[in-house]
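Labels A, B, C, D, E, F, G and H are assigned to the chains in the order they are written; within every chain, residues are numbered from 1.
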């Protein structure tokens, strides 16, 4: 149940088109739906503007399928991240129209409307190996209704590739900058662009990258203003926050 | 020189009210002003929407004073962070109307207009000892033209203090959440609020807080969506990004 | 041999129903039983109130089986943790009534009596992926004679799930709080409940969770009083200590 | 206001001896008392069984004095930790009967009743340099109404000092074990005693002690069951939890 | 070529029983034998009293076999550590009397004489899972000519197992103390024994043991004098140093 | 396209032997060639003196093959590092004369000319297990046109092996020093040689080597002047920089 | 004694102008000069091309003065780093023409010849606070006979300041890139310049810069080729290596 | 009371020259002497062969003086480490013949006999700044009755200084190797000498030395056999162990 549905329900009670008892039946699951191993948070779409997102790591495929069935029952678009192909195979049995984005390791159920033109979330990567994390961000923002633009492999060792695409920055409301190794991309972007930048360190690298620690510290210490950071490889977190900010910008754009 | 001034100048050249030579004189400092020890970035207000901010740590009071004089010459409001009282004493000699915010350790020159009502940047702290960092964020957002609301000492060990102020969350476009020690505040806020949350870990604590590392890791690992993180004690970075996001929301609000 | 058995034996010697020689035979193994690769501590039940628990990691299945046979010979309930299915397969050959708890990875031999009602050990998890560690705690407390209540998936990103179950907290003598990622659950519980809280960080997470380090630091830095912490993923340690504290509370409850 | 006072108040309303208006006046401060820089949690004594404890680090002496005045107004014993002599000097001006425990760096206002005999909290240190942290634990447990026994300088390098005092362990309901450097004391105690052990690593040491990290890791990795750990140098946290457990044991003892 | 052989050779040149040319042929390989991928150090037995020991990790089985053939050609006992069964299978083809110690993962070629009685190297472990590292130490000391005594599974959580075997300590010239998890064994031994103690942290444990870091730090921070530490899991290093010290003690014992 | 080709092209335009249109066709790919997943940097050979090198880790074999095809089209020698045999199998299908260096895990396309005599890059290793990283450095310098000399297994535990080869140092323009474990080789070399030393820590070791961290810190803290360090296992980076420095020395040598 | 002097001395012996006895007297100090607390390495200028440099930290002013007197006796220029004003005050008493570079904290005795034009060492900083470390590098290279060019405060947050000075890069043989905080400058330079780049991380920053660790990791993980790294704040090491490389380039330039 | 005194006492009881009651009086303090803040371990000289050594850090000067008075009452030589001049001033008041070694920061009471010739403990440092730690080791071994030889400032960057003093190594029974920064000295010594080497990392250095961590890791990872390590800056621990090993060697030497 999302916020519009909740408002409609309450209006229905007020104008008499819905009996309090029927409203009660619809609302009684509102806080959460207790499955023992999981308490599904149907209320999150009301509080946060988008429903609970399923983090598949550490859950059995059957648990994921059960949770996704309940969450998608309302018809709102639903997302599961960190899903491997085995999980998707089990999910598809009970939700035939679920879609699997392999690079992003995301399962999407249902389709959100998003604009074909206008301001967008721009997802940028430093290298080719950063693309899976970037795709997790892109799919997340897409499911949440944002138009997404992608600009991949423009790392700072070949600055002209980025300077050349400077124009693409102008159409974005918010930028997701994904980089591993030394993670310098958000600093350079932060010196060029006025939009909020969500920096995502990735675990791409070896040796003293310490599984993404190097890029994480780089991004946290950026001397460019307007940058904030999410966890290593957390494409979902960046895409989610970018979509929220983009909605604010779109309302300003209208 | 800010963007409006630049647009006016170019319009003046176009309509003939300004000779190209005079325009050249005004623009020739545009990229930066080279003082040897510092290259003052007069162009940043054009690129980023707000002028260069002076980070005083590691600079002599005289260097800070020189840079602030040049930056504030245009009349735009100017900010210096991490300023100790000695630095301010030197600055005040050449810029008498500079103002020192002691808790925030900020020097402000000039005054920005900001709305007295309407959507704001909400700065929240977990404890009393987090206030200096919070004030750096608040002063920064204020100088950049945002209305700022403060909600201090509402940490998760006494949840009712936060739940009680739930209404304050509704008026914010963006939340800055400042916390040391275990740093759990942004996670709880992230479960309650739909706005973007900029989390600021502080070095408040002792022992295994490792000078803010504990709070930093907590915030990076939050399972609540919609949260991004800046460096430990980086109130400035949070306030800056919050002000940028708030402007986007204000444009939507109008 | 546990404490009651030891007291009975000594009483038997005193009242002449047991000859000193027979008592000696029963007692001679008391300090430990030397198998070369292991010195089985039969005395621990006397000193600590519960017999030695077998930590299977790093031991061969045959070593585990040998130790469990000796420990369970007295008839007291016996526990082995971190046991994989292969180990259990070997153990079952020599101890047919051994029981395997798959999620908890525990082998239990024998059955302790525990109350069906009254004060209990409450095991709480932040997420679904934390359940295996929670089950290790729950099985441990259960084997040691405590009633156990389980409250799973009530993490701080959906606070209403926890607030809604506030009543469950009242029936507990002690709470085991299990959480990975940011590990904020014990801090929130510590602000709500007066009972001792044993916090268990889990290695659930990725990136800057650093295999549980993030949750560990969070819990150590909690600003809520009444919380102590055990090792990452150490469900056994938490369940053991919780059972000891619960017995103290039960004696007060009688 | 503590729990007994609250029960009396409600009983008074029920039996008519207190008017609802007067009850309201007494209760209206219940959630917290907002001073801007601090929201004093008067409700904590109701929720947790002991009032809010003031952590002085990061607060000005004036802030501490203000908070202590409000907290101690009800007459319940009140505690402030990490207080330096300067803070105490300011506090004493407005609260003349405040007492300063120098080694423990604690300010205590008011006096709790505690038994002179019977089960106690036993505070043990490995060395002489660990005593300040141990005293913080001891004063905390004392203020909360527990009898406290002290056994100092019995580290594992001279085991006979500990074995010799084995009898002291028997009278304790709970043990607080304080150690720096290698921090092995709780492991040895955990092999000897059946009571819950709260282990406190201290920052005593040098070099690879890394300001207490060594002792912290030792204690978290103990192979002795029945041990949980608090933050480095967190004598308060250990004393608080020990007092809570001791009360449970005392109720069983009665 | 070892030192006795070198002395005999030089004596032979002096007394004329060996021509300088023949001596030259025998000596010309003395510095090392260059195989491109390895420079085999035939001179080490002269400098250090025991020949080069082959560390197999990172070498192909064929490289190990080649090096062992050359080193063992002189007839002195030869040792290879960290050898897996595949490596041994290849070695045995060219050196049929090579012996494989599976738990210790050591290959030994040739047999050293060692005393059956008298002072020894005592190898002690805290737990059963520490035995493989202990065996690497024991085999190393044995190959180098020391009598070795083993005392396994006497960790500090059951102190009576260690106190009971106190007599075993008296017969040792030097003690190798092997422990994982909290690694407290050397501290307790260091308080009881006057002999040099070589402490070996092992990677046994989980969570905050951080692959042996916890035990390593414990041992480095021991407050018991007479203890030094080698690398995590470095049974070889401890056994080697123990054998060298034991030889010094034996000379004193004669 | 490398610099010589670019100069020839521009000269051709000047002297009329090349039409501007044809020059344009050849230059239009200059900045980069956009494949979506990768922006191939054809311009790097102009800026840096050697073309883009493909880092295979994190790329699919097909992506590597596509990029190598484009980069090698100009006929300049081309290098791909961190290539596994599967990747090479795919590359060979479309580039039949590609060569695979198994120990170095490098794919080379095309052949650079390099001198057979004269000053060289000297690659030195401490042990046998460091050879794969050393080979990555050697192949890189070779492809870039440097003569390479190899001196392997001369670690500091057998100093005579290094002192004996002191003469080899004299013929080098620059030294690449590769070492794992304690990583002391560059310090000793730095005390003996006047040439620049590029130190490469390797992940060879175990326990407290922490995957190369130990060797990295050793090399960064060297008290010998003339040493700089690259990432753990980064043979490529060292070989590249060594080749650049060697070219400078060669120009001096001519 | 430097190399030229040594060659002259040996030539003098050969042609009879110097008696072997006199040569012996001059050479007998060659290896080192033993002062108990220090063994002054007069031979280093022969082996390394520049004399021993005194690292003052941890030495008393008197020790520094004694060492400098001996080193500078030959007339070659001599350098001491990490010297505070107190040390210089003592040094100046015995060496009146010693010069103190305050920002660089260097003492220089004697003057080297260096070219006024032509290729140079270019020292670049990201910020103003990095200048002291940069000056240590610049003074070192200057003393060793290199022309030095300085380009300060051109960090990546204002890229135009760097792009604008692109021409300055062309005149350099080698670049020293000094940066704190996120340390991204060498990556950007490495994408633009073909010269060797010596990257120097500085401890400038706060919070998650962890005293320069962040910048260090960034630089080690750079994806730009041609970059090597020295210790945090090690301006001396960078300047030394840059001077050595510059000499190689100058010989090529002649 | 040391071991000889204890043997004499027991012999006196046996032959009747000492009454059991008098023996009891002398022995009753044997385990320890309880001062509340410290339990002075008079028994240690019996168990360990040398009396308790006082670690002054964290103790008040008065506590140190009290403990030293009691320990030195028996006339055996007594040692206190990490003593600052203030502590010594207090100690001297009650123990006038106490001696202060300023560089070593040690207080010594009483004088041990030690040989003037023959095998010794050789203390070696890499640099001048390592001398204070080396002196702590030297004084400790001296107080315990070992002849001590010192060889300072022979670090690996000038190898000839060490090779030149190779002869000094031959007279030692055991070597204490003290080094900061990269800490490579013990590895080089371990390749040259057959004696046991006790390696002491020091906190000398800066930047990535991380207060001695770099040298510590280097030493733990040494590939030279025969080396063990003590805590950073732990000169005492190294000197103590060296003295114990030296005594073993001396007995062999007699």
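The criterion applied here is as follows: a contact is a pair of C-beta atoms (placed from the backbone, for glycine too) under 8 Å apart; a residue touches a chain by one contact, two chains touch by 3 or more.
Bear in mind that the values here come from a model prediction, so they are computed numbers and not experimental data.
Q: Strictly by the touch rule at the top, which chains does chain B share as contacts with chain E?
A: C, D
Q: Using the touch definition from the top, list the chains contacting both chain G and chain H.
A: Touching chain G as well as chain H, we find F.
Q: Of the pairs C-D, D-E or D-H, which has an interface that repeats that of G-H (more than half of the contact pairs shared)?
A: Same contacts by residue number as G-H, out of C-D, D-E or D-H: D-H.
Q: So how far apart, in whole Å, are chain A and chain F when each is placed at the average of its C-alpha atoms?
A: Chain A and chain F have C-alpha centres separated by 39 Å.
Q: Distance from the CA centroid of chain F to that of chain G, rounded to the nearest Å?
A: The separation of the two C-alpha centroids amounts to 27 Å.
Q: Measure off the straight-line distance from the CA centroid of chain D to the CA centroid of chain G, and report it in whole Å.
A: 55
Q: Tell me, which residues of chain D touch at least two other chains?
A: Expected reply: 55, 127, 158, 191-192, 207-209, 213, 216, 220-221, 223, 225, 231-232.
Q: If I apply the definition of touch given earlier, which pairs of chains qualify?
A: Per the contact definition above, the touching pairs are A-B, A-C, A-F, A-G, B-C, B-D, B-G, C-D, C-E, D-E, D-H, E-F, E-H, F-G, F-H, G-H.
Q: Within their complex, state which residues of chain F touch chain A.
A: Within the complex, chain F touches chain A at residues 31-32, 36-39, 41, 43-44, 52, 55, 57-59, 63, 201, 203, 211-213, 216, 231-234.
Q: State the interface residues of chain A toward chain F in the complex, per the touch definition above.
A: Counting only chain A, the residues touching chain F are 127-131, 152-154, 158, 160-161, 164, 204, 206-209.
Q: Applying the document's contact rule, which stretches of chain C touch chain D when the two form their complex?
A: Residues of chain C touching chain D: 47-50, 53, 55, 173, 191-196, 198, 216, 220-221, 223, 225-232, 236-238, 240-241, 244-245, 248-254.
Q: Give the list of chain E residues in touch with chain D in this complex.
A: 126-127, 155-159, 181-184, 187-188, 190-192, 205, 207-210, 213-215, 217-225
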